[in-house]
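Each chain carries a letter (A, B, C and D) given by its place in the written order, and its residues are counted from 1.
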Amino acid sequence: MLEQLKEQVFQANIDLVNHGLVVLTRGTASGIDRESGLVVIKPDGIPHQKIKPKDMVVLNLYGQVEEGNLQPSGDAPTHLVLYRQFKNIGGVVHTYSEWATCWAQAGRGIPPLGTAHTEYFYGEIPCTRKMTRNEMESNFEHETGKVIVERFRELNPDQIPGVLVNNHGPFTWGADVNNAVQNAIALEKVAQMAFRTLIINPDAEMGAALLNKHFFKKNKNYGQK
Amino acid sequence: MLEQLKEQVFQANIDLVNHGLVVLTRGTASGIDRESGLVVIKPDGIPHQKIKPKDMVVLNLYGQVEEGNLQPSGDAPTHLVLYRQFKNIGGVVHTYSEWATCWAQAGRGIPPLGTAHTEYFYGEIPCTRKMTRNEMESNFEHETGKVIVERFRELNPDQIPGVLVNNHGPFTWGADVNNAVQNAIALEKVAQMAFRTLIINPDAEMGAALLNKHFFKKNKNYGQK
Amino acid sequence: MLEQLKEQVFQANIDLVNHGLVVLTRGTASGIDRESGLVVIKPDGIPHQKIKPKDMVVLNLYGQVEEGNLQPSGDAPTHLVLYRQFKNIGGVVHTYSEWATCWAQAGRGIPPLGTAHTEYFYGEIPCTRKMTRNEMESNFEHETGKVIVERFRELNPDQIPGVLVNNHGPFTWGADVNNAVQNAIALEKVAQMAFRTLIINPDAEMGAALLNKHFFKKNKNYGQK
Amino acid sequence: MLEQLKEQVFQANIDLVNHGLVVLTRGTASGIDRESGLVVIKPDGIPHQKIKPKDMVVLNLYGQVEEGNLQPSGDAPTHLVLYRQFKNIGGVVHTYSEWATCWAQAGRGIPPLGTAHTEYFYGEIPCTRKMTRNEMESNFEHETGKVIVERFRELNPDQIPGVLVNNHGPFTWGADVNNAVQNAIALEKVAQMAFRTLIINPDAEMGAALLNKHFFKKNKNYGQK
């Protein structure tokens, strides 16, 4: 079942490799079929080079395997929390991409410094608080999802489709799994350029007007009709 | 019409990709036929991988489409201001290239620090002032062109064929569209090396004599006759 | 003899090149057959591009050539000290990889800053003390091994499978030669990301709980059964 | 004449491209036949992609073209000064390679920080003083050679086969043109790693004992007999 979604999720996982986002073998993309409430995700511990579309694992929103003989990615519990709480998202990506992970390790959100940022993220890409010992020692991946949701209590995940998990790495999401991959690519580039920008000028910032203008303009003014 | 210029502009847009200057899909090259006053530019929202020479859009200097069924690049208004104000230029390029964009986001001009810089740019590559809320909320791309022209009030665009737009990214130009691409490549390299140079020695600078010598020498002493 | 190990050690040396870890021609991988106590290592001074499995040199643990007409790598004495002292390791790698070598040159250990680090290294990747003039002027490679072992007097080499030799470069090891290569790849990425993380936030650190959790979790919870 | 040397010099110029050292089209390798006192150098202004062995220009040590219809590289006067003053060298390379050029622009020599450095350069890779206005306004390339020679008045060019020309870029040399290319590759890597090392630890340095040990060891202890 969900053969088309499996194909998309498979391709998204391959795209992560092709865009250089898979570091130290870490890189998981998933997608959801909102109608059935079923999630398709990469199997665990199998190198990207060896996966096939039919290896994708089908889960329900509570983590039970509905189809497939392989174990789902160990990151699945985080993805599931996000699908349950962020009602509009259709895909999730997690990597150790080499620039975004540094901001996550530093425990710092990435401030908006230019239109390259605001075409994808409406404001700072936030970083979660550090997790407590209790949270880590129960179900780490599940608690990771919860701490992300907590961080978005006053933020709109549809306008800021990504987060940095403290001392861990980035997650992105989007309308579908391909969009989540595009946001992971954008996050990586934004993370790289913010790093360099703040070295050139530690006081760099952009005004709210440009932030508003550019984010809301993007989907309105560009492209063919 | 302008089939040869369309071919050149097409190739220039592909060259931007081949030189790694297209970041987050942003990268537009255009060229002008000064005799007819017509501008050829990449269509909007179509990935570089899919464009063909015949997709290039022909505009007059006031933005009206003279040929082509596709929308011109959303950046066209900026290009048009530059063509109207900088009378000698034949091509314009805009990207989010990964080093020059950082200087733009930092709001800092790139100082000349060595002969690699002065072979292409006679002095600092300037950064525009931040735009006002009013400028942003009217026609952002048109105002972007105006703020560039304002910044060059006392500078010679033929000697400094590039600029950084504050919180946005770089524009370069040249005698023709290929020359504008070459200047975009040079700007990127100069931006990278200035970043590193000023980390090694924050007080680095070059004397006016070497700046003069090398810039004016370039087109005189080198190459085959 | 040891044809299978020669093939593995050969492949590991090629893998170092393919992963970009061979800088300035430096890059040596070796493996040990614990039953016979024989070590297989790359020959000295022959470019990686030209070696074949049959060129691998077989040594005993005291450095005598047991098979092969070529000289063993000049780094062999260091490898042999590690095999003699770290009883569980099956492979060793030494490179001048471009990020880890910088930490070695800086004389600084790499602190654990995120789960990317702790999936491979349980705590700081230590740096040795500087060697004395006497140590350098006797047998440099042998003394290099001894100073590594000294540094691990209160550390567990099975939990921290790598080290930075002061003013020199990194060594990694593992259960077999392929595992040593994987740890060299991980060390390089960790070194790169720690460099950037501490620029973003000089006070970055991770708590002991996350360190424990993630290191011990890795081999338990992930992968297919 | 000198067909074999032309072939070597041609190949060396191509190697500069293949190793990523040609930045902004700048990259010239030359070689000398000490018996005849003739120098073979890349022609000027022709892209590396288009040169052929037969295009190499033959000059005498005073700059007169002995063979070839093309103009010699504009950098030839610098090469000739080095060949006249550094009696043992057989090849010279000049580039704008992206790390060494930053140290040159910063006006800073590259200190020895590890064995990767001292395997190629016995001590700091020096930077020349800034040139005077007079020097620049007479024959820039010739004066560039003279300022390099001045910098080596108390240094041994056979032990330190490279230099940074202030506000300009690196030159390297060697026993032959291929060796000069190898030293250009090494200089680039050393420049990159010193940059990063001094960010990690601004007080990094290496002792004289290790410097001596490693430099003089290199050609004695390694390789096959």
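Here is the rule we use: a contact is a pair of C-beta atoms (placed from the backbone, for glycine too) under 8 Å apart; a residue touches a chain by one contact, two chains touch by 3 or more.
For clarity, every value in this text was computed on a predicted model and none was experimentally measured.
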What is the shortest path, in steps, from chain A to chain C when you may only step between chains that touch? 1
Which is it for copies chain C and chain D: same residues on both faces, with over half shared, or different residues? different
Compare the CA centroid of chain B with every other chain's and tell me the farthest one. C
Which whole number of Å gives the spacing of the CA centres of chain A and chain D? 47
Please compute the C-alpha centroid of chain B, do the same for chain D, then give the distance between them in whole Å. 33
Give me the residues of chain D that touch two or more other chains. 198-199
Chain pairs that touch, all of them, please. A-B, A-C, B-D, C-D
Flag every residue of chain D that touches chain C in the complex, lowest number first. 113-116, 119-120, 185-186, 189, 192-194, 196-201, 204, 206-207, 209-210, 213-214, 217, 221-225
Chain D partner, complex, touching residues on chain C are 23-24, 26, 43-46, 70-71, 74, 96, 98-99, 101-108, 130-133, 136-137, 140, 167-169, 195, 198-199
